[in-house]
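These are the structures, in structure tokens.
After this come two complexes, each holding chain A, first together with chain B and then together with chain C.
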Partner chain A sequence: MTAARAIALRLLARWETLLVVAIVGAGIWSTTLSPFFLKRANLLDLVTPYIFIGLMAFGLTFVVVAGEIDISIVSNMAVSVVCFAQVFDAGVNVWLAALIGLVVATVLGLVNGALVSVLDLPSLAITLGTMAAYAGLAYVILSGEGVASFPSGYTKIGGGYIAGNELPIALPVILAVAVVLGIVLHATRFGRYVFTIGSNREAARFSGIPVMRVRMAVFAASGLMAGLAGVVYVGYFGSARADAGTGSLLDVVTAVVLGGVDIFGGAGSMLGVFLALVLVAELRNGMQLANIQGDTQDIVIGGLLLAAIVAGNLVRRAQTGRFRVRPLRLGRKEVIAHDAADALMPSKLAPQNLKGR
Partner chain B sequence: MNFPLRRTSAQSLASAVFRLREIGILFALGAAVAFFAIRAPNFLSTGNWQGIAQNVAIVIVVGVGETLVVLTRNIDLSVGSIVGLTAYLSAATFAHHTGASVALVALIAIAIGFGLGLVNGLLVAVARVPAIIATLATLAIYRGVDVQITGGGNITAYQLPDRFLKLASTKPVGVPTLAWIAAGVAIVGAAAVRWAPWSRDFYAIGSNPEAARFAGIPVGRRVITAFAISGALAGLGGFLFASRFPTVDAVAAKGFELDVITAVVIGGVNVFGGSGTMLGVVLGALLVATIQDGFTLLRISEFWRLFFNGFAIVVAVTIDALVTRRLQEALRRRRAEALAARHLEAGT
Partner chain C sequence: MHRRRLAVTGIVAGAALVTMLALTLSAGARTSKGYKIFFLPKTTTIPVFTQNALGAKAAAKELGDTITYNGPTDVSGPKQVPFIDSAARQGYNGIVISTSDPNAVAPALKRAAAKGVKVVSYDGDTAPDSRTIFVAPSSNKLIGAIEVQWASDETHNKGEVAILSATPTSPNQNTWIKFMKQELAKPKYKNMKLVKIAYGNDDPTESAKQTQALVQAYPNLKAIIAPTTVGIQAAAQELQQEGKCKKIQLTGLGLPNDMRKYVKAGCANKFGLWDERAFGYLATYVVHNVIAGKLTGKLGQTLKAGKLGTFKVVVSDGNKPVVVLGPPLAFTPKNIDKYHF
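Right, the complex of A and B next:
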């Protein structure tokens, strides 16, 4: 067991090393495109426009490690952004309005969580539905109009700089969030529960882990992070629109998967996700320098996402000698487990139990 | 051990539940029609129904392919981008070669869609990328290719030959040509999943991939086939899309995949895989299109449409899961009873 864990840890370390190498490589490529890339101000500012994506990726990490998926996360952020804007527009203090945005996003995350964990429905289909529903909701709440009259005291924090006007406030913020969430995921009982549920939900249930509550909490956390992303989004862009964040789902999922989080659940690290976020930000920045359009950039990022999963599969194949045969996780485990229980407990089927009928 | 009698009754229970599903959608459809007929004065006009038929046609064509994918317990999110890409390529072909044969261009669009679907299938079956992630990536990649090809430009109706535009505007026997094509695709699809041995495999794979593998079904090849057909039909859908909405640019059919998936899921194709009928999908698409049309007539914001789509998916998935669970419970009980009866007969 310890040997297996040592190997797993070493592989994980290798994955993150690989990410660092990729970051350096992309940095060299960017430098050839523009000599300004290596300026300290540019390096420090690299991740700033991707902070909201990073926050969502951190939230999604919990969900994916638990063996689920939440593709509604970007729509959820849009709802939190427009709620924030509407409440602020109605004359409420900007901080209170931001708090309300957070609460709304957490509630929407809880809705996902309740459907997935209490009713035991497939998270893929449920969050596909809520992705559309929440996106529609955002438009309905802010009916096509934007709000851009946020006080500068607020937007200065989102898009502002400290330490000689060079260090964007956003950078220490995302670092702090990454560290805190990393501790929660890797060094608390809750985090261990999330990993255990992701590796084997049945085993987790039999070991007395409150599976339902933890799965619910994971989706609530994902919602909360979407809300936080919304708060940061408004601070950075200084405006709120119903289509906030449209198209960033690809980046969010790529950051998580490229970060080495096992898409089948049960493995992953916050550090990896953070490094993958830096890599994605760096690549997008580099492609901007090379004058490549946003939608064309998506080809590269999408390819990266696919490559990350294929690479992960190859690593796993090298480890175990075969691919994992699980085409899609859709919550069938329960049913199979039931059948297995029937097979193991023939007494249930024995005639004496049915004689009275 | 075989219990022919019991098995028959278990099977009829299952099929009764699925028939119930289609009857349920019919009821919902009837209720929606009645509601809008009362509230929106011109809802029942022939013109409005022809409009609904045109809107629903492309959703059905693409939905038939999506159904095959969902039957195998996978999902294809990339169809929106395949429709957009092939719509632009069809329109561009006509714009540059005004004399091109309509059938030939349709075949080209289908072939391109087939190729893109094949890529999805290979990613899922060979590279073992989960379908949701694979097609989320290709959704972005195919759209990126589309943007690259259009280069920010667009094709307008004036550049397209009348022969092509007629596809959407003519109405033989009062039914739009598009609807005839959709009906043809749906009938062929329904016949295939009902009788073709290779497409029965889709149900087997969706019900239990492991068991299907052990039963000797070439699971990988069938999954690739499902994705390739889904891509090919999305290609045909793109071709029809260009004739219906002849001003095509790089954002054409963005988000179309949600309309398709909503229709498929509402139509009773189980996201757990392994069950669903083409009739259900057609009814699901009709229900979605009818409600959207009614919303438009009642001047309800089109954003409610998006909300409704998502809400409908959640409701349909919830109902499906609960019904499936009940059904499995009932089947298990019947099996147990049958076994018990057998034991009693044997006097053990």
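Right, the complex of A and C next:
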């Protein structure tokens, strides 16, 4: 009896459960806002405009779980989009061109990974730099009007509908990707490595995990997903330009953090990120249908992000019994500066443990 | 432990509920006769679009229609797409759109058209097959030519000239720049030399930075042409701060309200724009007539646009079908106080 209650309580207190409750709540709210929200075609189409956001959020999840950040992800998508477009425009088959876009994005992700892991530099600073550099690179590769003459056989995957013209093809695509990535993160050795490195990189190194390779791999994964997002983006909008994805970083990071991924690394789930994407898409859609002003929409989404960070911190505080107030991990120096006693002296040897000896 | 966690959840949920309630109340209910028109700007964060919307609302009042003015907070075609889909779902009769990405909004506009929504583009045109008529503020050739003319007037027709544009991908900016180059190539401007095209991304800080860079890189610069309302204001402020207003003449496209104090300070003696309110007003009359079936985009059709008079559907700048508002107005220290937008 008590065991069943404990399990029920634990399930109730899970972040994903909160998200489901929030999704239902936001749905009820949206229904009161607009009579058009509950239409089946609308519900099926909720996530479609945000699928490229979701794909990037899935990629970013690996990076954040590993205790890093990749804010260059949207610029990376722009580069892969323009490479894809240029190659296609030169007469190459559209699918082959898309594949080249994926390769480019993965390579750019690897560049981030190499700078961060091999040189052991802070990912926030590195990807801030590559964010600007990649955005510039996109304009160098393709400036001006962009490319728009993509064949309909291809644009269907991003913007096509089946089943009575109501089910967007992109919906099953993103569900499949979420499941596959969920398995990679939660049910493979690689996934466990990512979590371990995120919770304690030093411990991971001492237990024989190839830390450098795994850290490079998470940035490569983030790049690959940026590339995939680009392929879907071009499919949905039918337009490839250097400014692809402008202003999307807020939504991407919101999906990851709102999805319950610990911004300090070591915790999170793919399901949570997917649910968060649904929640953001649902809120945007509901507010859109109620014609709430764009800036107010941004305030709501930004507020949600803040609430998620604060609530996440409070929940963890409740679990561990103390606040966790520390900046993003920027490297080993931080550890020393912040917790000097611990760094200089292993905690078992700390004075209070020596008492009574 | 769980109780604490539940309490936290309760607080967060409570806060969210209060916010939502406030928004629900502010959204309100709307009932009306006439057509429902969705007015979708490139972004709601640039003041000219607010002026277009005021004109649109004035026209709608005369016509008995309802205007909903809403759009994204970034200048982004893809971010306009959810607004288009949403307008179509809500059963709007017409959409008036200005876009920065003609192709990215096309699939969504076609989806809307399939549901019976009539589409009219204005200011920033969409792909031609995704709208019925484009409403142009002026002819691009005339806009490009007159800005060169203004620069020439202010610099005694000689010296180095730079252009401060918005984004390198903005279609109307690029068209105007193309015509400026054509105009400058004419023999009468042989003593004027275009030295640089800078891009301030329609961002005040970036535009000011680009202005500063132009001033530093070209010591003999005589004039800056900024065909963007954001760019010209930032450039005026920067030139004033650096005390370069006498040395470098500023012209281009700007809003009288934004530029008034710089005109008074002698930092912009001649620049121009079309009447933004009249522009939104005309676009609304056009979409109303398209919804009513009176305009189909056939060349030569005419419409009566209230106080603005009669307009004709024509070919303009090689684009069709187009309704043209008219030639740009020039603002000078003498007439600036007559305009308040």
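Worth pointing out:
FYI, the second predicted complex is superposed on the first by the 315 of 357 C-alpha atoms of A that agree within 3 Å, B and C clash if a C-alpha of one lies under 4 Å from a C-alpha of the other, contacts with A are read in each partner's own complex, and residues count from 1 in each chain.
Quick note on the criterion: contacts are C-beta pairs under 8 Å (C-beta built on N, C-alpha and C of every residue); 3 or more make two chains touch, one makes a residue touch a chain.
From a predicted model like this one, the values you see are computed outputs, not experimental measurements.
Contact with neither chain B nor chain C is seen for A:Ala90 once the two complexes are overlaid on the shared chain.
Once the two complexes are overlaid on the shared chain, A:Ala4 sits clear of chain B and of chain C alike.
Contacts of A:Pro49 after superposition: chain C is touched, whereas chain B is not reached.
In the superposition on chain A, A:Asn285 makes contact with chain C only, not with chain B.
Contacts of A:Ala132 after superposition on the shared chain: chain B is touched, whereas chain C is not.
By the document's definition of touching, both partners, chain B and chain C, reach A:Asp298. Of the two partner chains, chain B is the only one touched by A:Ile263; chain C is not.
When the two complexes are laid over each other on chain A, chain A has residues 139, 143-144, 242, 293, 295-298, 303, 310 in contact with both chain B and chain C.
Note for the complex: chain B touches chain A at residues 73-75, 123-124, 127-134, 136-141, 143-148, 209-210, 213, 223, 250, 258, 261-262, 265, 271-273, 301, 303-314, 317-318, 321-322, 325, 328, 332, 336-337, 339-340, 343-344, 348. Chain contact summary for the complex, chain A toward chain C: residues 9, 13, 18, 21-22, 25, 29, 32-34, 36, 39, 41-42, 45, 49, 139, 143-146, 148, 155, 159, 233, 236-239, 241-247, 284-285, 287-298, 300, 303-304, 307, 310-311, 314-315, 318-319. Of all residues in chain C, those touching chain A in their complex are 1-2, 4-6, 8-9, 12-13, 15-17, 19-20, 23-24, 26-27, 43-45, 68, 70-79, 81-83, 85-86, 89-91, 101-104, 106-107, 127, 167-169, 171, 174.
Interface residues of chain A, counted against chain B in their complex, comprise 69, 71, 115, 119-122, 124-126, 128-137, 139-140, 143-144, 242, 249-250, 253, 257, 263-264, 293, 295-299, 301-303, 305-306, 309-310, 313, 323-325, 327-332, 335, 338-339, 342, 348-351, 353-354, 357.
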